[in-house]
Amino acid sequence: MAQTTTFTAAAPPDDAPVRKPRSQLVVQGAIWGFVVLELIFFSVAGRFLSNSDTAFLDLDNMLLLLKQSAPIGIIALGMTIVMINGNIDLSVGATFALSAIVLLDSMTWPFMQALGDWAIPLAWIFALATGTALGFVNGLVVWKTGVDAFIVTLGSMLGYRGLVFMYNGEQPTSHLNWTLVDFAEAQFLGLHTATWFLLGTALVLWLVMTRTVHGRNAYAIGNNREAAVNAGIRVGPHFLLNFMLIGFLAALSAVVFYSESGSVNPNDGMLYELWAITAVVLGGTKLAGGYGSIISTLGGVVAIQLLRKGLGYIGADTETVNLVIGLILIAVLFLDRQLNRKGSEELKT
Amino acid sequence: MTDATPVLRLEGIVKTFPGVRALDGVDLELRPGEVHALMGENGAGKSTLMKVLGGILQPNEGRILIDEAPVVMTSPLEAKGKGVVFIHQELSLADELSVAENIFLGELPRKRFGRVDWTRLYATTDAILKTLNVRFDARTRVGDLSIANQQMVEIARALTVSPRAVIFDEPTASLTDAEKVVLFDVIEDLKAKGVGIIYISHRMEEIFRITDRISVLRDGQYRGTLRTAETTEDEVTQLMIGRSLDLSRSPVRHALGKVALEVRGLSCGHLYRDVSFSVREGEVLGFYGLVGAGRTEIAETLFGLRTPSAGSIRVNGDEVRIGSPVDAIRHGIGLVPEDRKGQGLVLGMNCRDNMTLPQVDDLSTGPFVSDGAEVAIFDQYRDRLDIRTPGWRQIVGNLSGGNQQKIVIGKWLSMRPQVLIVDEPTRGIDVGSKSEIHNLIRDLAAQGYAVIVISSEMPEVLHVSDRIAAMYSGRIMRTFAAEEVTEDSLIQAISGLEPEKVA
Amino acid sequence: MARQGILVAFAVFMVVFALANPRFIDIGNVAGVIRSSAILGVMALGVTFVVIGGNLDLSVGSMMSFSTIVVLDLHDTLGPALAIPAMFALTLCLGAFIGILVGYLKLNSLIVTLGMLSAIHGLTLMWSGGKNMDIADKAGTWFGIFGRGDVLGIPVPILIFALLAVVLSVVLSRTPFGRKVYAVGGNGTAATFSGVPRARVVFLTYILSAFCVAIAGLMQASRSLGSQNTVGQGMELEVLAAVILGGASLLGGAGTIFKTVIGVLILGFIQNGLLLMGLEFYVQYVVTWVIIILAVWLDIAAKRSRLWSPIA
Amino acid sequence: QDTMTIGITQNNVGVDSYQTTYESAFIDAAAANDAVETVVLDAGGDVARQIAQVEDLIQQQVDAIIIWPTNGEAVIPAVRKASQAGIPVIVTNSNIAEQGFDFVASFSGPDNITQGARAAEIMCDRFKALGIETEAEIVQISGQPGYTTAIERAKGFEDRLPEVCPEVTLLETQPGDWNREKSQQVMEAFLVKYDSIDGVYAGDDNMGVGALNAAKAAGRAGDITFVGATNFAVGYEAMEAGDYWGSIYQSPVDDAEAALQTAIDVLNGEDVPFLNYFDTPKITQDNMGEFTKPVF
């Protein structure tokens, strides 16, 4: 015993046990740096290449940018949570389309038409409920069967799309309600309705992820599922909730977008899952889960929309747009990796 | 304390896995305020039994009684609710979260609307950390902590609730003595509060220091319970492995050959600085030091996994550049890493394939791998290391912790590298196998191989080494010859105290 | 048997379809399905290596369009004998590029291959100017044998698929390279610590995948002797579905060629069976959904010997 | 007058050679006209992206917008915005829904319903010539589900066929997604399923040739009358070879030039008809000599 006491007395080594924490600012700020780069590039390149009379950095153009980021943006925000969980949802595009169909079609139902403009909030609720229900199905299957979310939602990406077509064959589903359109096109304090929804969603989700038990558990589960289970977190219901949340958000995205456009093709929303995932990953969220940030995802969304917009602005043709978007994605990933390096002392595995 | 009603009783627990009867009618009784050791060889079923108790696994047969009332525990949450806290053998933490969030994982304090009560969380955590005498705070990201400190976080979980029973599954496997002392204090405190403690360890000296009773498992069967005060190490060993161990065999010293590996002025950023040493053929060089002293990083550098910022490495007198493990293996260097789960094993792959992975190219005939040769190697080392597995097809992830470690050791022993580095080789290994591994290391040296042993266990270093390098904070403070070393001088060296000052 | 959930699922589907329409198991139909699955199948073989190695490849569809367009274009300028190796070389370059990014630079494969999906599509459009590519003299070329020919009454695409499946199956299960692919996918760090050159192994899986894509492109071009720029579009997900259906783990480290072949055949026969039943195409979607989940579920449930709620 | 800037947002350029040829024809036509500058955008088939592009064009204050709608209804509010901003909108290739007509200066493009109807007539005439109009059984391979063009052509065909050949049965319709390979697979299944198929109507020649390939492989091409739409070079060649009966001649170059000209006319204040269809004549093996081979 006496001997061990001397152990305690022995001075601990003076290099602290705490490793140098990685700079959150650099890591999470990377995407915003990229956004700024894009802005600079397109305004300069636009001077020479664009046929347009207005500047790229025009305020109205930037407000439009936010608005146009909304459809994929709202989905990407939800995808962030699902991915922090260590899952993924490939069915959001189909969920988006099916919710849109319910939104527009429900307004043509006789009893809804009798309600006049009150049909609008009801139609929203129907659409949001549809999205939530589809998310529920995904979540339940993931929970109860234990099949990987990638596979479950790859399947429902097809299956939900099948339902979309079942609803109305190959026809678009349309209902143009000008009250609704006017609401959706409105600007409040300069921001479009869609922008408010995007920013509102971002704020709420940011609070959820940083402040609430649910949000923190999402990180824990994604980071170390076994540890979370061992600590008594009910992982299955937690997944279920998050799948319902992303279903809800896909529907919200549809509500925001189709309120304005009034018609949905059965193909709408295809590839949205890939764009949303891309935005999330550009924002630095780890595909394996456990790490990520809502705000950075917002950056990822803006970066993508900016790229599309800017390439159009400078007059790039289709093949160039494809090539450039693809290569830029990779380049951003590369940069992000360089920024995240721990230096030459890093373990090479 | 001795004859109070038990807090916890297990009756006739049976648990089978495909091809394995891991528990075969085990009984166990835990009284309030006692520290009850659970011992047994690797794969005896200790962890499995505790997982049953912790609600992680469901037994095929048998009952669990808490305060003499039968309970069914189908999840860790339920077990926790009934006052059973489980500190796992394998680290079970979320790297990206803070220390506080990890300690209160699953039960973060809430305010309204499901918000986390951060103030309360951090305050409570800091209070707990204070009793543990650690040097990090509640907000530290767990991934930024050393393994030992992570283990302390794991231990801190036992202090968050007022448990009826706490299970420690090999908590000291990656702790050094300083932290161990803290752990033992924690255990004393719990004990004083009347909590029953189950303590699993392969280290006899700990068992005899802190436990009140010892229950022994063997091949999934209950072998009996002994009072610690009334028994001896030999008796426990006898019960565990059915024979007594000859621990007296002291290492044979023999003639050394030429210098196999020589390191001069090696540095790697702030991890370690200006390290020089050499190992001869036939020699075992021990590296001893506190956790974080940089021993592992040196090993990783020699194995081509880190780029040194200065210094040179010579193998057989020729300066070499080791850029990757492939290079290292080509130069005859092997490494048994310290983190078997993360670095040592492909958990989803079978035992044989894991063991032969580094030499799979050499074992092939023509373009194809040679099954026969591989199985032969596996069989040979399974026998030598006494690896308990139903067969080579068993998935490594299904083996007990100690048996997994043996697979990693077998992997490198079978490679017969000229210089073998073993980092914490007997972490989690039972007493019988431990001495077997020590013997193997000595035998290897006797055959003319050079061996570097990194260990945080002083008896181990003292027992197997011909020379011992004592490290402190990234530097080799002193190198001792086996004959001249004393425990005190070693402790001084690894604590950064200059010999003069002590003298 | 319990471990072969996927085979059971396969057998059940075949019986159901055969009862619904006996022509389903007509030898001509079966051969037809296998032949038209062969292109997808060959791509799936390569992707199986990538997935077992712990990565994804979403660029195969777009890359297949590229190799098809390129070989058709070069057919008329260089002649078939030179066009084929030239196309292989170009496709392998693309594979190597991805392999370097994912293997050596360790960039995330999902995003890299997603980026390449788009970038290669751009390249294809640039190459063709967006035009369809057709061989001028369809009657006078021997180029058609890879997609249309027969050997001993067996369609060449089936032969190529079968041969490649056997060869790659042996490579995966019997060679050191195959072993290393499993190790790298199972635990890349541990593989590195065991002296497996992880970056090179990953690199090679992408080369292999590109090689399979090139073969698929060759078969495709040869089958139709002309093509659109979008010929492979969307196939990446079908390929992935087939590989997963075959039980390869997306986390890497698990899967076999044999099971991927079964996965490919299941997808092919579902599609064909539903067409024969005269069901609307969207019913196909829904059925495919259910079948994918059922098959994977059965497969993993058999392994863990428990059907419900593995997740707490 | 100084130059006019005309913005165009197309449906999905990469998807087939028709759209690609349209794009390059459009750019060429604009380049040939010194008075015109263009901003050429592609929506990639995505409605949201197209609406964003219309907004961008409005924001860039172009003088006129040409839109090839991805969805004939969804773009109406965006088109309204343009017209509210005083920018004339010209719809090209496939029209928008009637509700939007108020906001549109003119439509320029083919009449897809008529095309479908004409294809039905070609098919029927052929059956009459072969003397099988009372018993013939046909299958249809339609375009990508959800696209206006696909829907309209199918509708035109299905409505017209019973009028001209009431006794011909349409056995089944499946989509071929504008994709030759997909269509080939669909046709393979049809061939297994139906012992007698006398005619195939495909929503475009790419798919028609896919079906032809399948029938050839099954040795049944000789018994089947293939009729397509949007005569592509492959279709034209197959007709030359005598394998493929007929199609509808529709030139993307005409399409693009008509759209640009309409926009210019509108900007110059000329009177343009609201529905500005360009002609899409029938082409069959009998009269193909009157047409030049399509360039796409």
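As written, the chain order gives the labels A, B, C and D, with residue 1 at the start of each chain.
Note that a residue touches a chain if its C-beta (ideal position, glycine included) is under 8 Å from a C-beta of that chain, and two chains touch if they have at least 3 such contacts.
Nothing here was measured: the structure is a model prediction, and the numbers come from that model.
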Third chains touching both subunit D and subunit B | A, C
In terms of CA centroids, furthest away from subunit A sits chain B
Go ahead and note the Å separation of the Cα centroids belonging to subunit A and subunit B.
-> 42
Determine the centre-to-centre distance between subunit A and subunit D, using the mean Cα coordinates as centres, and give it in whole Å.
-> 35
So, in whole Å, the Cα centroid of subunit A is separated from that of subunit C by 29
When the C-alpha atoms of subunit B and subunit C are each averaged to a single point, how far apart are the two points in Å?
-> 44
Residues of subunit B that touch at least two other chains are 75-77, 305, 324, 343
Residues within subunit A bordering two or more other chains | 165, 229, 233-234, 318-319, 321-322, 348-349
Multi-chain contacts in subunit D, i.e. residues touching at least two other chains, fall at 13-14, 20, 23, 145, 175
Which word fits the touch map of the chains here: line, ring, star, complete or other?
-> other
Chains that touch, pairwise = A-B, A-C, A-D, B-C, C-D
Footprint of subunit A on subunit B - complex, ascending = 54, 56, 75-77, 80, 86, 88, 92-97, 101-102, 105-108, 110, 113-116, 134-136, 140-141, 144-146, 148-149, 177-178, 180-182, 209, 268-271, 290, 292-293, 300, 304-307, 309, 324, 343, 472-474, 487, 491, 494-497
For the complex, which residues does subunit C have touching subunit D?
-> 21, 23, 26, 28-29, 32, 36, 121, 125, 129-132, 134, 138, 148, 220, 223-224, 226-231, 233, 271-272, 275-276, 278, 281-282
Counting only contacts in the complex, subunit D reaches subunit A at residues 5, 13-14, 20, 23, 37-42, 44-49, 51-53, 55-56, 59-62, 70-78, 80-81, 97, 99, 142, 144-148, 150-151, 175
Residues of subunit A touching subunit B in the complex = 1, 3-8, 10-21, 211-214, 216-217, 219-220, 223-224, 226-234, 290-291, 343-349
Subunit D residues within the subunit C interface of the complex | 13-17, 19-21, 23-24, 145, 172, 174-175, 178-181, 184-186, 188-190, 192-193, 206, 209-210, 213, 217, 232-234, 237, 295-296
